[in-house]
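Have a look at this one before I ask anything.
First chain written, first letter: the chains are A, B, C and D, and each begins at residue 1.
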Amino acid sequence: MTPLMTPATVSTVPGLNAPQPIPLSETKTLTMGKAINEGLRQAMLDDPRVVLLGEDIGALGGVFRVTSDLLAQFGARRVIDTPLAESAIIGTAVGLAYRGYRPVCEIQFDGFIFPGFDQIVSQVAKFHYRTQGAVRMPITIRVPFGGGIGAAEHHSESPEAYFTHTSGLRVIAVSNAQDAYSLIRQAIASDDPVLYFEPKRRYHVKGEVVPELGLSMEQAVIVRPGTDVTLLAYGALVTTARDAALAAFDEGISIEVIDLRSLSPVDYAVVEASVRKTGRLVVTHEAAQSGGLGGEIIATVTERCFSYLESAPVRVTGFDVPYPPAKLESCHLPDLDRILDGVDRVMGRR
Amino acid sequence: MTPLMTPATVSTVPGLNAPQPIPLSETKTLTMGKAINEGLRQAMLDDPRVVLLGEDIGALGGVFRVTSDLLAQFGARRVIDTPLAESAIIGTAVGLAYRGYRPVCEIQFDGFIFPGFDQIVSQVAKFHYRTQGAVRMPITIRVPFGGGIGAAEHHSESPEAYFTHTSGLRVIAVSNAQDAYSLIRQAIASDDPVLYFEPKRRYHVKGEVVPELGLSMEQAVIVRPGTDVTLLAYGALVTTARDAALAAFDEGISIEVIDLRSLSPVDYAVVEASVRKTGRLVVTHEAAQSGGLGGEIIATVTERCFSYLESAPVRVTGFDVPYPPAKLESCHLPDLDRILDGVDRVMGRR
Amino acid sequence: MIDFSPQLVQLLSIEGERIPRGDFDPWVEDLDGPALLALYRDMVVVRRIDTEATALQRQGELGLWPPLLGQEAAQIGSARALRRDDFIFPSYRENAVAYCRGVKLTDIVKVWRGNAQSGWDPYTVQMATPAIIIGAQTLHATGWALGAQRDDVDSVAITYFGDGATSEGDVNEAMVFAASFQAPVVFFCQNNQWAISEPVGVQAHRNIADRAPGFGIPSLRIDGNDVIAVTAATRIALDRARTGGGPTFIEAVTYRMGPHTTADDPTRYRDPAELAEWKTRDPLLRLHRLLTSLGEITPEVEAATAALADAAAAELRAGCIGMPDPEPLSVFDHVYATPNATLERQRADYAGYLTSFGAEHDSAEQNRKA
Amino acid sequence: MIDFSPQLVQLLSIEGERIPRGDFDPWVEDLDGPALLALYRDMVVVRRIDTEATALQRQGELGLWPPLLGQEAAQIGSARALRRDDFIFPSYRENAVAYCRGVKLTDIVKVWRGNAQSGWDPYTVQMATPAIIIGAQTLHATGWALGAQRDDVDSVAITYFGDGATSEGDVNEAMVFAASFQAPVVFFCQNNQWAISEPVGVQAHRNIADRAPGFGIPSLRIDGNDVIAVTAATRIALDRARTGGGPTFIEAVTYRMGPHTTADDPTRYRDPAELAEWKTRDPLLRLHRLLTSLGEITPEVEAATAALADAAAAELRAGCIGMPDPEPLSVFDHVYATPNATLERQRADYAGYLTSFGAEHDSAEQNRKA
């Protein structure tokens, strides 16, 4: 046995020796970003095999500060500031998982996941199948996603459908602080690889957080019950969808808003029950329409609930364009009015 | 001006100085692989800016021999045996396109496209939009795809849906020798980037080839008219679908089989007209069901033809599993019986 | 014979003294007082532009700005060494290079204002627009160089990237391809010591310039804050490429004196002493010293330079603030070069939607945005 | 002190003479006659297995086979240098390594017969199953090594890959990470001169071993057909890794004497004279010569070795042919570690479909397949 070398990332930046934060032990109001931070901390406390990898996640705490203070608390052997290479971040996580670790990779922005795509699709997703269950890949890949923050190119994308089409992966998207906290813990605890999408324009939105594992990450949740239309959303658009439901209520339309939470697999039990009740379906997402998750859900719901449908399900989504420049994103992104327009269409009002 | 260096790939293998083949000038019976070869040859003769890049495409003529003899005819400056790196194959093609070339990249097998995914999705697909039309990307990416050849892992995949979800790309899949010839020429002539999918289990199937540009690559084709059910297929499954239609005919069901040809954009004019007539839709593909092209088409058709639908559209596809080992692929792949089962379902017979 | 050993090449000391060096000097013989003054003027102007753009960002006129403060010599020295027909594939920080190329100041900030995904037509200035996916552009440069090679012209591609970028697969694959085909491309790495919060030691335990030779690409390690060394090295590399010598790698050792971008807070990760130390190596300062000793700096020159810089800043500000917003429906433009039925339908639907809304919608929109 | 200069290290000449070399000899002191004979026996057996597998492929019992003919010394020498707790991340050609690891012969061919996507449980033999995406496994090895480092154990990861693989971004990124974290990993490159139809000159204009030092990774260039040099180099690299010295890169210069796989036809691209030349450098031949001069080769030894090889071949053949086909519904197994509702529904539907078909379907299936 030899003494271990010091990893290259050990930082001597001032301020790193702050007192160790106490993990969340009671209900608190946190921003979504802070809730993920607390969830990561708890997961790391719970299991010494949890390690974090990513660019700038150490001293900086990530460009969104989601990993703030974790380097100080857990050290550079568990909070690993990596060289700038996404394929290697995922690929070394595979090797760590091989050795029994539970790596949590941070992809700095949605658009930067593609250099790591091969390792995700051909390795992370397939190892369990390839080895007939012998090798597990309990890897969590955190991806800040979506637009609405006026960012530059590649900083506002919604690549989730690439992963929901990839067998072997689980995909979730959170919409609020409580889920952010609970589901990051569940994702890390999962023996399957999980893509964990964080809607970046909600990072600063606050919510109550109970320090519990909460509802299973596989379950969809009715965030507002209704009887006329089922409206499916995830990530940042859950808030928009709820606002739309409120507005529609004033116009006499009762919308049931469902936060999908799990994008793969979709919780069709909840979705189908709702559509059987309402007979009308609207799905909304920021990603481009063609090949997006909306089409998949509509096809499946149509197959399973055909006779219950009063009208053709409708999608309110980003257009089939590369994510546009900041000054045009308000056109591209589904907003309250476009969602209501979609609701009007399933209601036969247009 | 300086004399140019000799590219590293100039080969001195014996047999390379064969007489130059004459391009196709009259109708001939060719295998699909040979038809692509002839199409490439004609495109290179037509336009000196057409260059080929890929692994083993030179002396070997590609592992499927699709580029056979082209090195001998056009030399190593136009038929470029590249180092083993897919991201670089696509990325240098971007640079060549920037300079006015029309690169044709060969990806050796479907499963090897992912190391080049970032360059495709973030560069090839977005450059025209990014530069407001100033920079064109007339790049053709040839991808042998699909299963049924008893191959090892990563050699039988159907990744087309990743690209149909990517705005800025065109995606086509050929099913026969004539289209193989015509559409490779159209793809190369297109000012947009085109993913050109070649169903590898049909490489050796022969067909008549007329040396013409033929029907536009954007158009779907009714390969067998029918009145009861619309059956959509592309690539290798077009043959299977036609066989299924034949078999169903004996059972008294009239199936209209459509070869989509263009997967992005889908030719909805043809598809919708058929569904309005038949009222029933089956879509088949080898790719996994969730997030596959079938869902997208069903969602769109449902939206546009809802009142014409007699029953819920049905998908007959690969399962949501990584491509299975060779001995299991006959379970995974849609075959005549599974397609007929799907037809039975839309006909309400099951 | 050029010495391609990994010694740091410095031709201008921190104190502003010209350091003679037999193999490099012939390449900068023409850099007399007036020529150096021209470079100095460029550096002053681009620093002023940089400051103004940062101010515009702080005032909400730009969404983001990636400052080049400290990297003026690396960018001006290399950009001014290029020929008009050479083609540049930059990252996102090469605003001084764009300036040298004659890109309009308004066009430089257009992308950071969020008006478009890029600000200019690459073909009018022979310079690609900013590349955000780290390292991807090095492959584009290599491909372009393969094209130039096939066209039998002696134009050269040059690509800019950072120390962090050297870790990406793409940059390494670009070196593989460039070496394999002896492509006329120059790899210009600005090692500014940081990749956002990560010191260069995270990316490499050896000098970055040491990497390329293993790929078969000679490399030069130069003081990137020394505009004379940068000019010499770039000219050497360009000449090699033009004369069939293939690719060259240049590591310009410099320092990012500002934040990574205006969204960054370097106090979280960087020792202020480091910045203080690097301030003594400021590229403008030492050139100013040399020019002073050469008698090129007079009060008139100072005033004229300042005026030039102020004029550029004013032009930038006016152009930035006066930039019209893009039309909503332009969101659909230029996705494809040829019409696409699915997209045209979406455009028509959205146009109809906007019309149906009319004035009512516009005000609702405005309310939400306010 | 080990000389890490890029000289080709050879400890056993083509003529079978032991070439002394001060820095390497101490690492192979224990390789006396019997030890060398054991290595020879391994090499004979794996060559026999390789031939048998090729025959099985020709007879339609395997879908494909990637022969290792010519690379026996590189694989046996390195594999026998490993400790049980070291972990191997191979490509697809390391059948001799798997043999050394104790993988059952039937399990080695299972994947090539198409019965499963991999043949064994990696944890029982501390060796990952074949990796087909070129170069991807080098990152897995690096990650595993980071884990070993964090576990404070001195186990080492070793990864095998080819000359062609060195062009892939992943392999270069693996070197970046390994160097940055000083990970205990050995990069073992079998430069067999070809990547399918492409000679190594397409991938690199310099020796492959020259690449690693630029990343901060010492490298050794050895005669890969010399089992003694391979053993020495691997032991040196493992020792460096165990004692905190970080990664080492080994280029084993060897030759792929057969086709790329049984699907390949090297006559299309390879000069037969090249193969003839390399036949003189056969790794078995020269070890046989040395052993003969050491008096280790007797008729009994020859007979026993041949018997061993034949027994292995027979075991392989019987195991291969006797392998039961997988159950149809197993296509759904192990996609996830935990149940997945969407997939379970597909499984149930397919099970129902199969049942509904019954015997009728089975025969239809069979007809189509015939």
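In the analysis below, contacts are C-beta pairs under 8 Å (C-beta built on N, C-alpha and C of every residue); 3 or more make two chains touch, one makes a residue touch a chain.
Computed from a prediction, not measured in an experiment: that's the story for all the values here.
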Select the chain at the greatest separation from chain D, using centres from the mean of Cα atoms.
C
Chain pair showing more contacts of the two, B-D and B-C
B-C
Where the CA atoms of chain B average out and where those of chain D average out, how many Å apart are those spots?
34
In whole angstrom, how far does the Cα centroid of chain A sit from the Cα centroid of chain B?
32
Just give me the whole-number Å value for how far the CA centre of chain B lies from that of chain C.
39
Suppose each chain is reduced to the average of its Cα coordinates; what separation in Å results between chain C and chain D?
45
Quick one: which residues in chain C touch 2 or more of the other chains?
116-117, 133, 167-170, 173, 176, 180, 182, 202-203, 205, 335, 340, 342-343
What are the residue numbers in chain B that touch two or more other chains?
8-9, 82-83, 85, 87-88, 111, 114-115, 118, 122, 126, 129-130, 153-154, 167-168, 264-265, 290, 319-322
For the complex, give me every residue of chain C touching chain D.
166-170, 172-173, 176, 179-180, 182, 202-206, 210-216
Quick one: which bits of chain C touch chain B in the complex? Just the residue numbers, please.
87, 89, 116-118, 121-123, 128-129, 133, 136, 138-154, 157, 169-170, 173-174, 176-177, 180-182, 242-244, 246, 333-338, 340-343
Of chain B, residues touching chain C in the complex:
1-5, 7-9, 51, 77-78, 80, 82-83, 85, 87-88, 90-101, 103, 115, 118-119, 122-123, 126, 128-136, 138, 167-168, 170, 190-192, 218, 264-269
Contact footprint of chain D on chain B as seen in their complex
8-9, 11, 13-15, 55-56, 58-61, 63, 81-85, 87-88, 111-112, 114-115, 150-155, 289-290, 319-322, 324-328, 330-332, 335-338, 341
Residue positions on chain A within touch of chain B in the complex are 87, 111, 114-115, 117-118, 121-122, 125-126, 129-130, 153-154, 161-162, 164-168, 264-265, 287-288, 290-296, 298-300, 302-304, 306, 309, 311-315, 319-322
